[in-house]
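Two complexes, one shared chain (chain A), two partners (chain B, chain C).
Then we have the complex of A and B:
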């Protein structure tokens, strides 16, 4: 049954290709609009400071084995000392930071802008696709699929006799929506991709506070097993030199 | 002989420039995405259907891995943490793009 389906070339010229081209162009447009709307917020000095401390502690952790044990201990106590270590955060202060984060209207505004710049074009495109292209069988997927995919691929056509590999125009829109992400990362540069992931992170960890990462970093630093590699390097150098001489 | 072997153990010390590493990973992901899109168009134009197309995707990805390894001068350890990063990362991420462009090219050339 499915193989008998003959699609008009006009569908290709006036549905399939325009739909895909429009999806790409809207993606590009969205990128530039969100770039224009992005407000350059001045970062809070305290947050920046805490971030830098975390980075420094991370560097210490990464290079721990390259310094002598005594030096490592000194640096470690500088960071994770219970009294005045850089990574030590008093309990009440941490609460304050979070409350401050929530009450900051700028951040909520920024997030709303970002979300809007994502949602509005999608809604508009979806409405446009529904208005112009509803009910077309627009494409055929070149591999067989099970019946379960029918609701996913034939959204908008209510025919149970059509082969599942045929795709309705509305479902083609969804396929484009997800599949073009790779193309966007190529033509718009990495900024697009990182922007998306950042947005995800912000959504997931709303009210993310630096003091929590300070605490986590402190724990990590406490767990580091110090093992100075320099003596072994002497052996290694000796081995290399012996090899050269002999 | 034993001592040279011992010294080889210490080469494993993680002395990695994180920024360069991230850049390398990004380059790998880019080339994978690019190859999956190009591969999808090629598969569509050649008219592969069903299982054949996915086999083609595997072949394209294998070629990409070999190409990346060749670009790294086959000394992958000096550019990446492990072989996985050059051979497996971004494998599934490109699949969706591949399927989309495969379908697109196949439909344009063969269905209508």
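Then we have the complex of A and C:
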């Protein structure tokens, strides 16, 4: 490989190391800022109750065969009757649950705060990195990679002749952004690590609809056939005792 | 629920701590995590750390958690002065904390100042209606005063929201049994069996309640739950075996003349009689005469 690039040591001193240090410092700073901004939210009674109903209905479904038929029937109608059963969700309410969620200012505020503490520093650092460090080849990883990795490792350099194992400064920024979780959990303690990847996933999953799970649980419960297992237990107890006696 | 490994762990740590082998903080943490009630030990060892300023400062911010833990343990052991001191320290550090307010209300309760404590709890609930601990404290307080109907009211209200809390169901069941409201108790035990089907004690208690309710159908059901208890405990539970005998004799008594289906079940009864006799011969030979008399009585009925 005669055409290997030789990286200037000044790049290491003035790009690679400062970039890494800044990323770590920003992560720590963001942790403290989000800690300050975090409001101790009191969960809504209705949401808590719905969660508990779902758990209890699940229990009923799982253990239906362990209680007498009469007890099961009573519970089933308590959960799923059409007028005021616990799992029954009124039609109109089900439709605008989503709208309700967004009209709740507290929730929107919370989401804003969470996103602000994530997006603002990210855009700022990205702009900063772009302004000062764009176009550098900052590092070289010690093993060869295939062409597919070019877009991941050489973001910001449009040269197809450079070997893929060289990392551009902007890519180094991204690698740091997503790869520092282990370091943060060392510095800030296990649970406190700010994890961007996880948070991004949470954003996608936002909008959990309790009424939907209630409805699903109701459908499941309606399908359950009661088949009391207790009579079988008499035979099993007999077997146990026979073993004990002999 | 405490798993097997955790049980082992706490046992080891406990003996280590009792013999002065260190690991006190780990022990206290584990007790807190598993929500065990080892108040005397927590008080003794926790106070030891708190009185030693070097060990205390080594904990860092966890120091305050320890203060809280020791305060609760002290109240449980009726060392109210210690609890008061701990709470005072916490109050100084966190002047507006609701958690400290809760401790103060608990201290009032421990002192037996019911009205004051009730007022304090009520104000706490006003701020946060979903505080489970405060709800439970209020129920416990009503029970301590012997006001069972109030306790029932509080727990049912609590269960309306937190209906998956099996501890509350259990408490309610026991209160109902103590008031001889067996139908309601049976409902609670059904709920407990649903949420934790593998715990034989619930099956046993449910069977007891059904047997006490009486009536042919209930007793037949009770017998089945005694049988399931035997199955779940591997025949180690003497009470369940006795229950089988009692139920069979009661069923025979109630369905005189038309007991065709019970013929096949008589084997279970004879087996349990044999098992009982064997068990008594092994463990308490001087009481076999008593057992024989009791069994004879049952068969005569």
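Basically, the second predicted complex is superposed on the first by the 160 of 246 C-alpha atoms of A that agree within 3 Å, B and C clash if a C-alpha of one lies under 4 Å from a C-alpha of the other, contacts with A are read in each partner's own complex, and residues count from 1 in each chain.
The rule is short, and it goes like this: a contact is a pair of C-beta atoms (placed from the backbone, for glycine too) under 8 Å apart; a residue touches a chain by one contact, two chains touch by 3 or more.
Keep in mind that this is a model prediction, so the values were computed, not measured.
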Contacts of A:164 with chain B and chain C, given as first, second, both or neither: neither
Chain B versus chain C as contact partner of A:89, first or second or both or neither: neither
Contacts of A:68 with chain B and chain C, given as first, second, both or neither: second
First (chain B), second (chain C), both or neither touched by A:16: first
Which superposed partner A:139 touches (first chain B, second chain C, both, neither): first
Partner chain(s) touched by A:186 [first = chain B, second = chain C, both, neither]: first
Which superposed partner A:178 touches (first chain B, second chain C, both, neither): first
First, second, both or neither for A:241, with chain B first and chain C second: second
Touched partner set for A:7, first chain B, second chain C, both or neither: first
Touching both chain B and chain C, residues of chain A: 62, 233, 236, 238, 240, 242-243
Residues of chain B that touch chain A when the two form their complex: 3-4, 6-7, 10, 13-14, 26, 29-30, 33-34, 36-37, 44, 47-51, 53-54, 93-94, 96-97, 99-104, 106-108, 111-112
Touching residues on chain A, where the partner in the complex is chain C: 42-43, 45, 48-49, 52-53, 55-56, 59-60, 62-63, 66-68, 71, 75, 230-231, 233-234, 236-238, 240-245
Chain A to chain B touching residues, read off their complex: 7-9, 11-12, 16-17, 20, 62, 65, 139-144, 167, 175-176, 178-183, 185-186, 190, 229, 232-233, 235-236, 238-240, 242-243
In the complex, chain C residues that touch chain A: 128-130, 160-165, 187, 190-191, 193-195, 197, 221, 223-228, 230-231, 234-235, 241, 244, 265, 267-268, 271-272, 274-275, 278
